[in-house]
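Consider the two complexes below, in which subunit A is the common component and subunit B and subunit C are the respective partners.
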Partner chain A sequence: MKQVVVHPERCVGCMQCMLACATAHSRSLTLFAAVQETPQPKPRIHVGAGRFNEGFPNRCRHCDPAPCQMACLAGAIYRRDSMDTVMINPDRCINCASCAMACPYGVIRFHEDPLGPVGHAIAVKCDNCSARVAKGQVPACVEVCKAGALTYEEMDAAMRRKTRTVARSMSVDTDPPAIPAGVALLKSIKQSELQLSGS
Partner chain B sequence: MKHVIIGNGIAGVCAAEAIRILDATADITMIGDETFPPYSRPMISHVLDGSQPHSKLPIRSDHFYDELKITPLLGQRASAIDVDNKQVHLADGTRVNFERLLIATGADPRPLKAEGLDLKNIFYMRTQDHVKQQVAALDGARRAVVLGGGLVGFKAAYGLLKRGLEVTMLITSGYPLSMQVDQTAGHMILDELVHHGLKVEVGVSACAFEGNGSVQVAVTDAGTRLPCDMVIVGKGVLPARTFIPKDRIDLDLGVVVDDHLQTSAPDIYAAGDVAESVDIARACRWVNALWPEAASQGRVAGLNMAGRPVAYPGSLSRNVMRVFGLDVLTVGNANPQEDAGCRVVETGGADKKYYRHLVLKDDILVGVVMINRIEQGGVLRSLIENRIPIRLPPEILITPGFNFGRLLS
Partner chain C sequence: MFDPRESLSITQDGDRLIAKARQDGIETVWERHEAQQPQCGFCDMGLSCRICIMGPCRVDPFGEGPQTGVCGADADIIVARNLCRMIAAGAAAHSDHGRDLVEVLAGVADGTAVGYKIRDEAKLKRLAEEYGVVTGDKTPLAIAGELSQAMMEDYGMRQKAVKMVARAPKKRQEVWEKFTLTPRGIDRETSEMMHRTHMGVDNNWQSLLLQGMRNALSDGWGGSMIATEVSDILFGVPTPRPTMVNAGVLKEDQVNIVVHGHNPVVSEMVSKACQSPGLIDLAKEKGAQGINLVGVCCTGNELLMRRGIAMAGNHLMSELILSTGAVDMMIVDYQCIMPSLGKVAGSYHTRMVSTSDKAKFPHMEHHEFHPDNAEKKAVEVVRSAVENYVNRGKVFIPVAPQEAVGGFSVETIVGALGGTPEPLIDAIKAGKIRGAVGIVGCNNPKIKHDYGHVTLTRRLIENDILVVDTGCVSVATAKAGFKVPAAADMAGPGLKEICNALGIPPVLHMGSCVDNVRILVLVAALANSLGVDISDLPVAGSAPEWYSEKAVAIGTYFVASGVTTHLGPMPPITGSMNVVKLLTSGLKDVVGATFAVEPDPEKAAIFLRRHIEDKRKALGLDARTVE
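Showing the complex of A and B:
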């Protein structure tokens, strides 16, 4: 089964994935109309700043077993086995935030959502774009990421590739890790800006 | 294999599910006092505050027992365990044989000693039945008294305030949730509640109730008389372990378990609010009577009973509460003893509507209190639970922009 794989080292911090995610979880499904919806659709992937201000795309890992599921006070969190996805049932969630305390990655947010009950805040997180995948599309964040920081692939293949990259970076005289030239440049500009600003 | 589980709360339910995953044909019997389908106990406070209907309490299907091929023996309590003959005795005289036994009997409200407790509209708050009666009593009620400022007392007071009652809370410590939060956070919570109309009397409890059939006055041990139409007693819980033979199974406050959740008697396990495991942050034996711990202990106990050895890493006290405009999250040991050699890092406070309080022992995080912007609380909990040495300056952990990414690189 294909999964979204995150490669934080390639992230340029452009936050396009956040926009695409919010749009994919809006009622209208287009960016132009989505910004005018109430409640405003919100992203379920979060690009935070890492320690050196580098971009860090953070999303649900769909853990198995899922700590959030075990902690949910209302039985609102379940696993959709056919998609290897941890889901939150918006109609069962009581917005208690017990799951926020359980999630080791801090990827759950609490707000009213266009796809949830009207007038109630609920827990919201990545659903692996189940609706898009059912229509044969790839997850919205992957589609829009031009830096290669988010890919959609078989987990085996992704693991093999990661192992190769690590092996390469540890032996001399081989190819440098595969970060595109543009990304490397952007990253070094960001780093030097940071050093200049003295933080 | 013949498994018997005493208690059909979340620990018992998760254990049964885990056994079933590993063993499709094992014999599973569940003995339970409550006949209602498996439900969310914490959610009864949402029924009290009116945000959820009673009908939403069940968290498993109505056919839970059938679907998992479990034999339910509901509606009565186990009265004894015969360790030598591997039998559980029920109140009606029935004896149930077991090869593996799980004690998952949870906890009962700590009983109050006071006069006039037989008056109507004085409640404990533990079961769906309690909350059903409480909601019925709301009709026509104007004033309420809540005893206790712990988790349950706090939730009761909050629910009644949201229902529009005049609520007076009697607490023995200086601020609510004193076991869970530090003083600064405690006062922020107290101010928020008072701002929404709560009256608080600290350092007192009730010693008598008066009324004509139904409660009308609560008399405090300071001699004050508080007029009221209902009373909720939330003075903590005690592990439900009176039927357990203490000469055969080690008991402390709870049933003492090892790192596979087995009691001192072979083939007898315990999980949930009744079990006393090791607290990771405090590094000593402790009962953490909490839903997520009960669920995961139930699961681990079930796996072990079904023959797959799984270690349980220990428990953590942890809580999330929404208090009107404040979101409060606490993990681990927020109030270390003076002499414990802990260091505290704080930021924010009452005027900021944002507060962080971290407790570190050497470079290991052992306690956290957060008020507002609590989304990253789970990251900090995971650091505490896994005892990961903190190599970052702790100041980074308390900034509003902190996220998982900062732990890497």
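Showing the complex of A and C:
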């Protein structure tokens, strides 16, 4: 089964995934119309800033067992085994925030959602784009990531690829560096700037 | 990572006012910068393109996603086009500022610019002769009319080169001819730059960058130079004057008016109105001791250079100054005026006034100044500032002011040397002064406020390198106490000796950011005097905390003029290592100078000292090893 795999070293912090996520969870499914909907759709993936202001796409890990599911007394959170996805039933959610307290990654938000009950805030989080996947599409965040920080692939394949990259980095320097020179240059300058701007 | 408890400025007034602003619930540039993190990596690397709407496009720096835009432009082309458009915008800003001064000069000539006059007839005549205007026994007003027409031609397309290119050393002019870098017309080069970067025009990244240099030169030896020279004609050539700097220049018992922006056309009239006896009496009626005019940013520098008017702060201080609650009115013209200022002022009694038909801002009153009404308008707005004094709430003035000396025009520097640059050259030849660095440019929340400017300046003067500065840097170094003659004690022994002999500080304030051209004129004079090219001189440029497109244009005209230039923050070019390599090393073979990027001012100081010692060696002078 394919899953969304995060490669943090490749995140350039552009936040395209956030826009695409919000659009994919809107009623209109287009960016221009989505921003004018009431309630406004909101992203379920959140790009945070690391120690050196580098981007990090933070999304639900769909844990198993899922602490949020165990904390949900209303029984709104359940596991869809066919997609290996932790889901929230908007009609059963009582907006108690127990799930957010239990979540180690801070990826659950509370707001009125275009796909939830009217006039009522509920818990909202990544659903692995189940609606898109059912139509044969890849998750929206993966589709728009032009830096390869988010991929949609079989976990086995991803692990094999990672193993190969690590293995190759151990050999004598026949390969180009894992991070291109321009990216490495920008990262080192940003680290230097940050050290100077703080203490 | 951002920590609100950490100190964000090396200045005491900065830190205290940041705390005051937080306490008052004011959002400042640092919070907004933090809210923008992480900033988009495509944009940071110059790899996003919004030039046409087949796009927007971006190129994957990791090599797996798209490697070209929809049009087929690769990373090199996209990065070069983006950088060149920054140069065009910077050159346009400076040159349009120059245009406004030429219009005032023309208005003085035909009598429509009421209240403005020719303050320096000798300079008017010198300029007129450079522009080929026959002066004969014509009246100054007639000369001014013809000179303004000739300068307007510089903006157009009827000549082979902008006139003041002739000020550059012959060797430099030959370099420009060889690589077709000679700027033909000020607006022409900006216009051509925008044309070339349109989809489907110039798609050779090297020739794009060459045009970028020609465009920057049309600013440095064209638009900016006109702005400075005409300002001198209209408002006087700066001479050294004592002044005061930092937030302590605001007075608890006076009406405080702050001018912010760049163009002296507005601030000079405001300055005049502030001296009007009627308005001073009105201020006294309202319970104030008088009217206190101070500056922030470059329009403040213009007034400081010519009138010794005090300077409250630089770019990152512009919001903080309002949080003193002591500003009765801030009057702005254009450039570097954060659109947040109106909102900040809303938390206090401060009235915000915008004055330019080109620059309007949220939550500001708009009182449009034109050459024919500026004198009257200035009286009106100063009157409302005075009337606003009674509305003041609690005032917090964080520090006592620091003394400084400003006003070092080229004319003044050469005058102080006895009429020729020879004594300076002799001091350089003898090794007492190793060389000179022009430190220029802005503030940027990416670098701790003023840390880059002050640290670099300190390291350079300690090592007998004369520093000249402009713009936001000049405020930072003045606040740090480098701009009093006694600061010679902070300099190395050679520089100290020269400073004491001439009674000058080791750091010379040369003006606003358009006044960077004074540095060009000075290095051209030094090179001419030695019979060498500018690129042979033991000099360098630096912009340790730059942020703006204008700074890109300035850096580029410095380098294209032969002055190797250090940048603190990285420009958005790392998406193309070809562009990075050309700018940081390849340009040496073209214009004899390059860029260097180093955020850490300690390391930058070593780079600049090495550069200067290398240049000394090449000239056959003694050279020190820099560890």
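The definition used in the following text is that the second predicted complex is superposed on the first by the 169 of 199 C-alpha atoms of A that agree within 3 Å, B and C clash if a C-alpha of one lies under 4 Å from a C-alpha of the other, contacts with A are read in each partner's own complex, and residues count from 1 in each chain.
We take it that contacts are C-beta pairs under 8 Å (C-beta built on N, C-alpha and C of every residue); 3 or more make two chains touch, one makes a residue touch a chain.
Remember, predicted model here, so these are calculated numbers, not experimental data.
S.K.: Considering only the touch criterion stated at the top, classify A:Ala49 as touching first (subunit B), second (subunit C), both, or neither.
M.R.: After superposing on A, A:Ala49 lies in contact with both subunit B and subunit C.
S.K.: Is A:Asn58 contacted by the first partner subunit B, the second partner subunit C, both or neither?
M.R.: In the superposition, A:Asn58 touches subunit B alone.
S.K.: Between subunit B (first) and subunit C (second), which does A:Arg92 come into contact with in this model arrangement: first, second, both, or neither?
M.R.: first
S.K.: With both complexes superposed on chain A, which partner does A:His25 reach: first (subunit B), second (subunit C), both or neither?
M.R.: neither
S.K.: Considering only touches as defined above, state whether A:Arg10 meets subunit B (first), subunit C (second), both or neither.
M.R.: Second partner only, subunit C.
S.K.: Could you say whether A:Lys146 touches subunit B, subunit C, both of them, or neither, answering first, second, both or neither?
M.R.: Only subunit C; A:Lys146 stays clear of subunit B.
S.K.: Have a look at where A:Gly106 lands relative to subunit B and subunit C in the superposition and call it first, second, both or neither.
M.R.: Only subunit B; A:Gly106 stays clear of subunit C.
S.K.: For A:Met70, using the defined touch cut-off, is the partner it touches subunit B, subunit C, both, or neither? Pick first, second, both or neither.
M.R.: Touch partner of A:Met70: subunit B, not subunit C.
S.K.: Taking the contacts subunit A makes with subunit B in one complex and with subunit C in the other, which residues are shared?
M.R.: In subunit A, positions 48-51, 54, 56 sit in both the subunit B and subunit C interfaces.
S.K.: Quick check on the complex: what are the subunit C residues that touch subunit A?
M.R.: 1-3, 6-8, 37-45, 48, 58, 60-66, 445-448, 451-452, 568-570, 574-577, 580, 597-601
S.K.: Quick one: which bits of subunit B touch subunit A in the complex? Just the residue numbers, please.
M.R.: 14, 40, 42-43, 46, 51-52, 56, 59-60, 291-292, 295-296, 299, 318-320, 322, 327, 329, 331, 374-379, 381-382, 392, 396, 401, 403-406, 408-409
S.K.: Considering the complex alone, what residue numbers of subunit A touch subunit B?
M.R.: 8, 46, 48-52, 54, 56, 58, 65, 67, 70-71, 73-75, 92, 94-106, 108-110
S.K.: Considering only the defined contacts, which subunit A positions touch subunit C in the complex?
M.R.: Subunit A residues touching subunit C: 10-15, 47-51, 53-56, 146-148, 179-183, 185-186, 189-190, 192-194, 196-199.
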